[in-house]
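Common to both upcoming complexes is subunit A, partnered first by subunit B, then by subunit C.
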Partner chain A sequence: MPPKVNLEKCDGCKAEQEPLCEQICPGDLMTLNPETKKAYCRSLRDCWDCMSCVKSCPQGAIETRLPYQIGYYQAKLIPLMGTNRITWTCIDLNGKVERFSFKTRND
Partner chain B sequence: MEKTQIGLYLCRCHGEIGQTIDLDRLAKAMGNKKGVSVCRIHPAWCSEAGLAVLREDVEEGRVNRVVLAACSPREKEIIFRQAAESAGLNPCLIERCNLREQCAWPHREEPEAAYRKAVNLINMSLARARQAEPLDPLVFPARKAVLVVGAGIAGLSAALDLAAAGVEVTVVEKEAFAGGKVARFYRYFPRFCPPGCGLEYLMAEIRKNPRITIYTLTEVVGLDGGPGNFQVMLRQRPRFVRTEACTACGKCAEVCPAERPQAGPLPVTKKAIYIPEGFAYPLAYALDKEVCRGENCGLCAEACPAHAIDLKAKEREFSLEAGAILWCTGWQPYDAGRLELFGYGRYANVITSLEFEHLALQCGSASGRLLRPADGSPVRRIAFIQCAGSRDVNHLPYCSQVCCTVTLKQVQYVRKLAPEAESYVFYMDLRSTGEYEEMYRRVQEEGMAIFIRGNPAAVEEDPASGCLTILAEDTLAGEPVRLENIDLVVLAIGMRPEPGPESFIENLATWEFPSGHVQCFPFETQRRGLYVAGCAQGPMDVAGTVRSAAGAAMKAMSVISGNFTLPPAVPVVDKNKCDKCKRCMEECPFGAWSWDETQYPAPDLRKCRQCGICEGGCPLGVISLRNFTIKQLTGMIEALDMEFLGRGEPTVVAFLCINDAYPAADLAGRQGLSFPPNILTIPVPCAGAVNMSVVVEALTAGADGVLVGGCPSDQCHYRKGSDLAETRLNNVRETLERMLVEPERVRLVRLQADDRHLFVMEAKRFVAALRALGPSPLKP
Partner chain C sequence: MPQERKLPTRLEDVEEVLVETDILVIGGGNAGCFAAIEAKKLNPNLCVTIMEKAHIDRSGCLAAGMDAINTYIRKERTIEEFVRWSRSQAGGLIREDLTISLAEVLNQPTEQWEKWGLPIEKDEDGQYRTRGKWDISIRGSEMKVILAEKVREYGCQVLNRVVATNFLLADGRVIGAMGFGVRDGKMYVILARATIVSTGGCAGLYKPYTNDGVDSHHHLWYCPFNTGAGYAMGIRAGAEMTTFEMRWCATRTKDFNGPIDTISVGYETPMINAYGEKILQERYAHLGGDAAPRFIRANVPMEEWLNGRGPCYVDTRGMSDEDIREMKIDYLNERPAFVLFLAARGQDLKKEPIEIYGNDPYIVGGHTASGYWIDVKRATTLPGLFAAGDVAGGTPNKFVGGCAAEGMLAARGAVEYLKTVPALTRPDAEQVARERQRIFAPAIRQAEVGEGIIPREMEERMQRLMDEYAGGVHQFFRMNGIQLQYALKNIRILKDQTKYLVARDLHELMEAHEVIDRLDVAEVLLHHLLFREETRWPGWQTRTDFPERNDEKFDCFVNSRRDPATGEIAVFTRPYEQLIPGDRYLP
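Coming up: the complex of A and B.
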């Protein structure tokens, strides 16, 4: 299920013409609403749920809902990016929480 | 690269540290950590004996990096820096670990906890030291030349001060004549002397001084570069009269057929080619192109015996280089037309206090009698209205400081130029500060005016006589007042800044005047090397203006005498990873960023104040201040034992702004206040320098809470750092909440430098809250 942008948190990446979510989306689906200057996904059907935009958003403004094949609505997968580490929180339909942490950089 | 050899120096501080923390045990535990080649304990490393050991270790090649586990990094800095330098060690390779103010002192009652905290603090310092780079200050060549914009009292006196210090000064003035507002005043308070006198003195000195060049009719149209060498583009409008040749004989004006409305309320006609009444510098006519009939007329050029007139003169642009710039563009009167109820602009006999100066000058130098603007009849009753458009949120919210004293001066004009006339003053509060109180006393004692406390509600005109009626309430007597047959109403209007600098600098101040922090950096603007002085800085009298000019001149000296040097902690962008999102450009409070020739963002190091707000804001974490890198911070976090006080005891990583929050924590320690040892502090240049990925890194590495200490919103040294930190932390908190992690684990506290009790309270409360929450769900 495609990304949902929290309009309170999204700041349109400030002056950026192409916000970070737009830059990173492999399907070129994220873009800015010219009026509100907030991001949205312009073709919900085409989203692959790769979560690149979620990880890239500096404001933590994007959330994805999991595709139904993986988990029904209310299940969530949320990444949190540190400098050397990414931590995923997975909350399933019943509210059960699991977390996974990975090193992303080894320099 | 040279092998890392860290000297770890543990300081007993004459027992201040040694009594609480078991340093022998600490030395045993830390002495064989990675990279540590020497580990020593001394009663006081800052003593001559201590420094000698340190120097010898460096000189003998045993040590090429130093970790000093001793007092706060805010203490004894120069001593250690000099010792290192004299032994040939770059001072950036000294890492200070605060075992005294933030460990031994506050945790005196808990030696075991203090010991364990010390281990963690040293581990962090070692991690930081391993990645420290030797750096030298940045040095920019500076031109010993200053551009002064505006030739009012501020600009002229700053120019003299600077020239006396051997500086080449260029003054540019947009009008045809120098002197600014006071040149058209009748008299100065407090001594009642003619302003021309003071100006003549200044000009006489300036004429004698070959280091000062004044360009009139000139404005700044472009500005580039930075402190040390600004490149300034100037545009000079033609005067049409060659000042060198003109003798000011006035033959041109005699023949000129075109008339020019003269500034001032009395309808005096001036010619298109003119020279001002009273003080005139340069002493040469100027031609007003707006009203001149053009080359076809040419009567003046024919009449001029000196052949000084060139009607074909053209505008010219030229550039110059300056090491610093003083912005002395002064003030503008508040637009009295916006004060409808006082009838300004509708009634000819309602004028502003500035116009009253012109009127008094005209009348004073003509008949010596005060006349009404409307019909030139003598003034018999005159009313002054104070705070006209000032201290009013709908107009100017502030007090312009001089208007009350100006009125006390102007009622004396009335005494002099219309001795029989009655003066009334409507006021809210009379503010005659300092020695000006004496004027107030004299005016009252000699009965020069009747003071009515109350802000008039309306001014009405009798069209037949031109006389005015004022309706007000006397708030002291509590009754309405109706003053009739008033010949002249003078509105004591406030001051606004002259527009101009905003094309080159963003105003960081809390009001229209582009000054810096009122107490700490009054002359600073957003742009380093560009300083404001005189009324460009805020409303002030001439005495204040002269003081302000001297202060700003001193500021200019600080960047142009010798080379201009800056500390080396500048931001560096990793271009390989930057995706040009431009957030650094947007968020930098000093507009330091622009695109470089490879189309990547690059900071102008002379504009940068090294706050690190760009580092804190970069979404990819690819900007780092040198020696305050994200990599170093990550290394420090990784070096921590997140359960150092035992299971169940929370660990807090606290990023404290070095300007205020960190000193507050130091002060708590110095005063023997105890706070929980759970708090491990990392000094940061500004709360805004903390990147959220570092905060997340701390949490996911096992910290139970993260504290960021910034300044109160309006006190941030970098204007918006702590507010940015708040926004960013709120975003993280919201994400944590969605992940079912308690958002309270991340917290911003705003501290002033002396808020030690608040720091202790916040620390205790935070640790208690974390204890209640239990271990963080993000702990690995």
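Coming up: the complex of A and C.
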């Protein structure tokens, strides 16, 4: 189940013409549920786990979960986007935490 | 507020958008964006339009980023060396004229990207740091976003979420393209004085081995959203194609299906089998050992499995802590979810090496030689149409730098061509009406008949056929003529059945065209595989009924052309032209 949307955090990008995750997904997979006005991935099987939606969400509402067939529950990888930097926090299935921070653009 | 989006239910309801431009770029990925910018640099007064099925900020191969540019010629190296290397990696079969002209401008996009803000690592002497011979390390996580910003800055017009479906033709010339908006449900008719196609390669022809549940079906190495549209449009319009039989099968990380060069080239980790043997050196030394051509390296882990010596790994156990950390950073720049994969396995790379396996085969002209048959100006055999990147044939081993450079070359060719085309050509109304009918047929059928075949069903049938009868990963890439004939017969049935496709929303309409396009690519691929009655690149192309290389008959290009009037596919050969002397099988 690749992108998992936290329904508490997702505000449906109310202020935008189109939700940011929906704008960006290279596979046209993210969209809003017309009833709840929250985002969801319309076809989990087609997701590339490129994490573009995760990086784009202003609420930090999307988490990439690998398909269970590929990776065990419940590791996490969370990006934090800065202007010229990205910081990733990775937690493995035993709870071990690693942090990586690097430049994404020259200043 | 989100826009309203509607799937048309009657052809009469489909709104038509007419766009007029000087240069149309189809596919705003790596090559397409560089092409658009180059055209604007050459002449800022030109109107340059990009037609992109996704959003150019993160579309195509570069969506998640890249950690390396695999092709950069450092000061101390020469173009001849580059050609020799590329030629040997591809088993001796490349277009040397195309490779030389590419090499002449190869470094420009990389240097340009750096000026725009892409972080690239440097040596003490100020040169880009290489890993291996031709690869340089970058921090490319945001490289597509940076490129897209420049596309806008240079004043290119961008049509995001517009899916190209066919070229517009007049007297055999390409005069633009047609497609539909996956957001607005409108038909797009784009008239252009010159057209560049850069839609990338073709994924999803073959069943991946990760498809056991619903959630990982398209967990592919190649971008699953590049579904061969550019090839298919060319095939339908009668463009000459080359070398489809040189499929891109590679060694990838097992299960995740992720890139492997990061570890094996970047950190020089050896490939080992279940018994710890360094397989390239110990078992395949006669084929070049660690420097063996790409197809040998791709085939090796599969051969080991076949011979009872799998699983295979890249041995990370000798890496330092610092290198492991650096390697994870590389992955975070390219396929971040692979770092998650390692975490989800709780894998300590100092104790457990990374398992490797083959991938489902792709058609990717940036890696092998498959694609449009072009000349040095990147003109295809259809006047008015230029091709660049993974969609263009003849030049394997282009990768990021080469595809971008080819985009520049295609733009130069297209701008020069404009001199011969003073005005736009109006298309005949019948052609547009026919395409409108073809594009929206699955939506209309859903409205009128209410049932049929959904794109996913057809896609899975196609992928299973190709996997089992045309040398997929489950068959260890092997095939024979009888299997290929069986696949061809069934692909033809599927092509005929596309008239029963239904689409229930605009996304599904796009999926319908993705499968229609891939069927056209699959049919041509099967013809190529059948024609080459030899085994030139074991792994990429393994014919069990013709296990040897046959230089007498097949040391040449295999090309094809579909006759648009009859649908017949003619397959023929073109001679090899050697420009750089030396043994073509050696670097």
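Following the convention adopted for this analysis, the second predicted complex is superposed on the first by the 98 of 107 C-alpha atoms of A that agree within 3 Å, B and C clash if a C-alpha of one lies under 4 Å from a C-alpha of the other, contacts with A are read in each partner's own complex, and residues count from 1 in each chain.
We take it that a residue touches a chain if its C-beta (ideal position, glycine included) is under 8 Å from a C-beta of that chain, and two chains touch if they have at least 3 such contacts.
Nothing here was measured: the structure is a model prediction, and the numbers come from that model.
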item: Partners on subunit A (subunit B, subunit C) - clash or fit; value: fit
item: First (subunit B), second (subunit C), both or neither touched by A:K9; value: first
item: First (subunit B), second (subunit C), both or neither touched by A:C41; value: neither
item: Partner chain in contact with A:C21 - subunit B first, subunit C second, else both or neither; value: neither
item: First, second, both or neither for A:M30, with subunit B first and subunit C second; value: neither
item: Partner with the higher number of touched subunit A residues, subunit C or subunit B; value: C
item: Touching partner for A:M51 - first (subunit B), second (subunit C), both, neither; value: second
item: Subunit B versus subunit C as contact partner of A:I91, first or second or both or neither; value: both
item: Included angle at subunit A between vectors to subunit C and subunit B, based on C-alpha centres and rounded to the nearest 10 degrees; value: 130
item: Partner chain in contact with A:T104 - subunit B first, subunit C second, else both or neither; value: second
item: Which of subunit B and subunit C A:G82 touches, first, second, both or neither; value: first
item: Nearest-approach distance, in Å, of subunit C Cα atoms to those of subunit B in the combined model; value: 5
item: Contacts on subunit A seen with subunit B and repeated with subunit C across the two complexes; value: 19, 23, 76, 91
item: Residues of subunit A defined as touching subunit C within the complex; value: 1-2, 17-19, 22-28, 31-32, 42-52, 64, 66-73, 75-77, 79, 86, 88, 90-94, 96, 98, 100, 102-106
item: Touching residues (chain side subunit A, partner subunit B) in the complex; value: 6, 9, 13-16, 19-20, 23, 56-61, 63, 76, 78, 80-85, 87, 89, 91, 97, 99, 101, 107
item: Subunit A-touching residues of subunit C, taken from the complex the two chains share; value: 1-3, 53-55, 57-60, 63-64, 114, 117-119, 139, 141-142, 146, 161, 182-183, 210, 212-220, 223-225, 255-256, 325, 328-329, 332-333, 335-337, 339-346, 507, 510
item: Residues of subunit B that touch subunit A when the two form their complex; value: 579, 581-583, 585-587, 617, 619, 621, 630-631, 633-634, 638, 691-694, 696-701, 731-732, 734-736, 738-741, 777-778, 780
